[in-house]
Amino acid sequence: MPEKAILEITDLHKSFGETTIIKGISLAVRPKEVIVVVGPSGTGKSTLLQCINLLTRPTAGQIRLADETITAPGVNVNRVRQQIGMVFQEFNLFNHLTALDNVTIGLTQVLGMKRDDARRKGFFELERVGMVEHAPKYPAQLSGGQKQRVAIARALGMDPAIMLFDEPTSALDPELTGEVLGVMQKLATEGMTMLVVTHEMGFAREVAHRIIFMEGGHIVEEGAPASFFNHPRTERARQFLSTIRRAHGGGELPAAIDGAPS
Amino acid sequence: MPEKAILEITDLHKSFGETTIIKGISLAVRPKEVIVVVGPSGTGKSTLLQCINLLTRPTAGQIRLADETITAPGVNVNRVRQQIGMVFQEFNLFNHLTALDNVTIGLTQVLGMKRDDARRKGFFELERVGMVEHAPKYPAQLSGGQKQRVAIARALGMDPAIMLFDEPTSALDPELTGEVLGVMQKLATEGMTMLVVTHEMGFAREVAHRIIFMEGGHIVEEGAPASFFNHPRTERARQFLSTIRRAHGGGELPAAIDGAPS
Amino acid sequence: DDQLNVIKARGKLIVGTSADYPPYESVDDSGKFVGFDMALVREVAKRMGVEVEIKDMGFDTLIAAVQNKKIDLVAAAMQGTAERDKTVDFSIPYNFVKDAFVTSTKADVQMTTPKDAAGRKIGTQTGTIQETWIRKNLVETGLTPEEDLFQYERVDNAGLDLAAGRIDLLLIQYKPAKDLAAKMDKLKIALVTTETVAAGQCLALPEGETALKAELDRVIGQLQQDGWIDQQKKAFGID
Amino acid sequence: MHELPQTFLTILHYLVPGLGITVSVTLIALAIGFFIGTLMAVMRIYGGPFLRPLAAAYSMAVRAVPVVVIIFILYFVIAELVDLSPFLSGAIALGVASGAYQSEIFRGAILSVPPGQMIAARAIGMGRFTAIRSIILPQAIRIAIPAWVNEFTLVLKDSTLVYVIGVPELLRRAQWVSARTLEPFLAFGTAAAFYLVFTLVASRLLGSLERRYKIIQ
Amino acid sequence: MPIGEFFAFCQKVLPDLIQGTGVTLKIAGGALLIGLVVGLPVALLRVYGSVWLRRLAGAYINLFRGTPLLVQLFVVYYGLPDLGLTFSRLAAAYLTLGLNSGAYQAEYLRGALQAVGSGQMTAARAIGMSRLTAIRHIILPQALRLVLPSWSNEMIAIIKYTAVVFLIAVPDLMGKAKIISSRTFAPISTYIIVALIYLVVVGLASIVLHHVGKRFETPGLENPETATR
């Protein structure tokens, strides 16, 4: 993939007061690439995503999106954020709006789309995440997995150049997790560029083109899923994988079940 | 284990208004036995636990704890609940009390223990879950895993005859999950009788004596972990295991990592 | 029980007043109740051979309090009217007063008779005899529209409105009017009159206490005859 | 206007003795209101089908009726039956009124304690009453502090009403001196300054209490 | 007063008292509206403003919550003319009660704004909304729903506190009651009628607000109490 990077991060630093969280990260994401970021809690994964869509200001370093250096002073952050879709762990759906209105409000209020066009696009995006029959429901009437799918549709509505996911399934039951991961996998197939922080190793293995292992504000290891999971080069990555594996205990499930009907 | 059951549930039913959630469950738990309950979301696992410690009133059926029929009318529910320790998914620590006071408040206010004795026992229980050095901290100052360990200590403080766990780790990060499962495993080794609802198949496989698979308010399948995981008899159990496995994706982790240093 | 006996038995006369109406009743720098009415009730108590205790209350409370016998009588420059007489009793009047119309020095108000107030924005104190007079003679006769009658709870507020030109005239008793005009250089007396005065100032006491009324009437008669009242009126500048 | 400093001294002389009355009426009323308020709030949320509407009716009726009328009732009706000084009648009347407002404040606060707290308390065998007393209320009261500061300022200002039954508090004294000096602006302005200072001191104190006992969620 | 006499008395004084009730409702309504118009921006400044704007808003709130309403009315009505600002009685009543209510409403609104989870603002900014758009379309619609219960408290308070306007000779319900009671010398009967009128007015107003609240409730997020009723 010698294509030009759509997102390019160069030597990014971020401190909160005295403590430095991100200590020099460089990363290039090519169009249609799916990158999964893993790493222990508190290493700055969420902070990295927040820097990318300027929800927090980097302390040093550069971020380039398409052809624009978005960390330059005077950049219109609202316009930048429209090009970056973000999905949070806690869904953060707008509680007072229906599923459909959650998708359309950005279209009418930010992009200035007409109501009818916005509705049409809203239904299209809900369809894309399999939520079209829930369009008139309010967030409080939806299950966690359904909420997260609406949140994805809301971000997709803005036609972003790249989608960021911050642990999109960790507030969900295993069964609900499946439906959200399914939607994300479908997006990847459709060619969406994605940067995903997740603990779901099955998804990482199947969908990601590249795995980034972060720790302590650095990228410690980086590689294709197969090599990362099977032959982690660093001791830390090895440890991390072993903890994850032990907790979920799936490692000992017999291969036989793999072929079970589903 | 031909010993007499410590908890015996006979033909339990529970309805909320029109909808019946538990549709006739019978189950006997022997002393020191660890039972893991699994099953899809909404099948009544939490409701079952709530019936056992009378947080909700069964519609029909009997529950016997030790030698007392606790579902009989006129039973003192507060005394019954003291004999049943309960641990929730959301920890539910008392927010205005320190870790230590969370454990001691039941001792002083419910059991009428003296302050000093309660403190001594409080420290003992915190020690048991490895939290003694966090005794003076407030819930908001603890990580999720630490909170859950305090919640376990709080339940243990009442010297319950049986402990019920309702998805004790599903609000936790994979890494924090480990520490809580460790504590639960230790309790099992110490001979605590436990009824655990969990999605952690690794734990179920290693610690449980029996697995109960519930669906739609019934017990669909029941057996030793090895046979349940390796040769699920029913189609539904097979499907369920496959969904869980897919989401966590651990099934394809190579055996090699199993032996990695940790 | 007979209230007079109650007073005699307790050896103390409990008097209610609303102490914001100098020179009849107010509070001096040492916190003592002073004024013409206050001097009067002290003298009345002395001649009845009892002590006196004075309580300061809201005007409405005074009436309810005397009805409930929380106090024995009210001394608050109160004039006895037939309507009021239905719910409380009044002693014989101890003082006949003059009223005055106050106006602003800037306003061109010329008055020779009270009826000259017709058509002006006029203020008065809530629930007073003066209010009743205005209502009867100016409002109900159509000379002054209802909305041009303003009722103030307190005289000093009315004075401030007069000075600011929000009303043209203020009808109150002569003595407070004189004081008001002396204090605020923007105000002057337009007319002094007795035509607006209905009844004299009386002490109010609980309904049906004939023995107490007889005793009060007796003492007040005495005070009038031996010149005590005239002498005190002079001392307080009331004429 | 010519002898302003002199007038000002006179005003102070009148007002200062009223300060103690205003402060103590306010504090007594708040204490009574606190007791009634917590009780009513608990009844409203945890009470049965009889206590619930009772507490709701109390809150509605008392909040609808002007405080002066409640003072009248205490002074002319209740004080006939039990021996109450005007000072106590006034303070209790204000407490009864504040109780209704405080019950609303505490009701809101109790409802915002997560439901899991009650469940967890019952699960370790606590009785309903013990759970309310040692788990729910301690948290609810902390949540209620900001709204309580509001209520404090309202009770302080309502305390001016006790003058109608003969308790010479701060504002009535301002009326006395304003009637004498005909300087209402200065008299009431000085009284207002006292109120402002009292409010600020109290909200500072309660504010630090709030920070001290804040429950980080 | 015997019951028969009481009814006769009612008949005599009710027309006057009802007229006073009209005045009370007019002023209370106007003051609540002004309070909302003033309180909303003040609350927004207090939550989203710069440090200085926050302080300024805080000072306004402290000033109006910290001093008796009566004093505020005196300053506006008698004090400001010294500075060349003369208001009519009604204008002074609306202005004072409105500014006073504004301070309280600002505080209630601040609480509601802060009760809308911070995630809502983050999510709104993340789809490229400006702060202002986010406040207008995401935060406020939720905050206004949350503020309704305290708003009903404020409404009751203002209806009652309107009574101060009688000091500047505006004859509201309480003022009419005072006039009647000092003319007829029947304060207790008068105030019993007044209490009943307030009860009815406040009761009706609460019912209206309750229905407004229900109308704007977000499905699935109902107030647990009203939902079970």
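When the chains are written out, they are named A, B, C, D and E in that same order, and each has its own residue count from 1.
Definition applied: contacts are C-beta pairs under 8 Å (C-beta built on N, C-alpha and C of every residue); 3 or more make two chains touch, one makes a residue touch a chain.
Note that the structure is predicted; figures quoted are calculated from it, not measured.
Visitor: What is the minimum number of touch steps required to go from subunit A to subunit E?
Guide: Counted as steps through touching chains, the separation is 1.
Visitor: Quick check: which two chains are joined by the most contacting C-beta pairs?
Guide: A-B
Visitor: What's the distance between the Cα centroids of subunit C and subunit D, rounded to whole Å?
Guide: 36
Visitor: How many Å are there between the centre of subunit A and the centre of subunit D, using C-alpha atoms for each centre?
Guide: 52
Visitor: Quick one: report the Å distance separating subunit D from subunit E, using the average Cα coordinate of each chain.
Guide: 19
Visitor: When you check subunit D against every other chain, which residues touch at least two of them?
Guide: In subunit D, 72, 76, 184 touch at least two other chains.
Visitor: Can you pull out the residues of subunit C that are in contact with at least two other chains?
Guide: In subunit C, residues 60-61, 64, 154, 157, 160 touch at least two other chains, as defined above.
Visitor: For subunit B, what residues touch not just one other chain but two or more?
Guide: none
Visitor: For each chain, which other chains does it touch, given as pairs?
Guide: The list of touching pairs comes to A-B, A-E, B-D, C-D, C-E, D-E.
Visitor: Which positions of subunit C touch subunit D when the two form their complex?
Guide: 16, 19-22, 26-29, 31, 55-58, 60-61, 64-65, 68, 70, 154-157, 159-160, 179-180, 183-184
Visitor: Where on subunit A is subunit E touching in the complex?
Guide: Residue positions touching the partner: 53, 55, 78-82, 84-86, 88, 90, 92-96, 105-106, 109-110, 137-141, 151, 154-155, 157-158.
Visitor: Mind listing the subunit D positions that touch subunit B in their complex?
Guide: Going through subunit D, the ones touching subunit B are 114, 116-117, 119-127, 130, 134-135, 138-139, 142, 213, 215-217.
Visitor: In the complex formed with subunit A, which residues of subunit E make contact?
Guide: Listed in rising order, the residues of subunit E that touch subunit A are 117, 119-120, 122-130, 133, 137-138, 141-142, 145, 218-221.
Visitor: Spell out the part of subunit D that touches subunit E in their complex, as residue ranges.
Guide: Residues 60-61, 63-69, 72, 76, 101, 104, 108, 111, 146-147, 150, 153-154, 157, 160, 171, 184-185, 188-189, 191-192, 195-196, 199-200.
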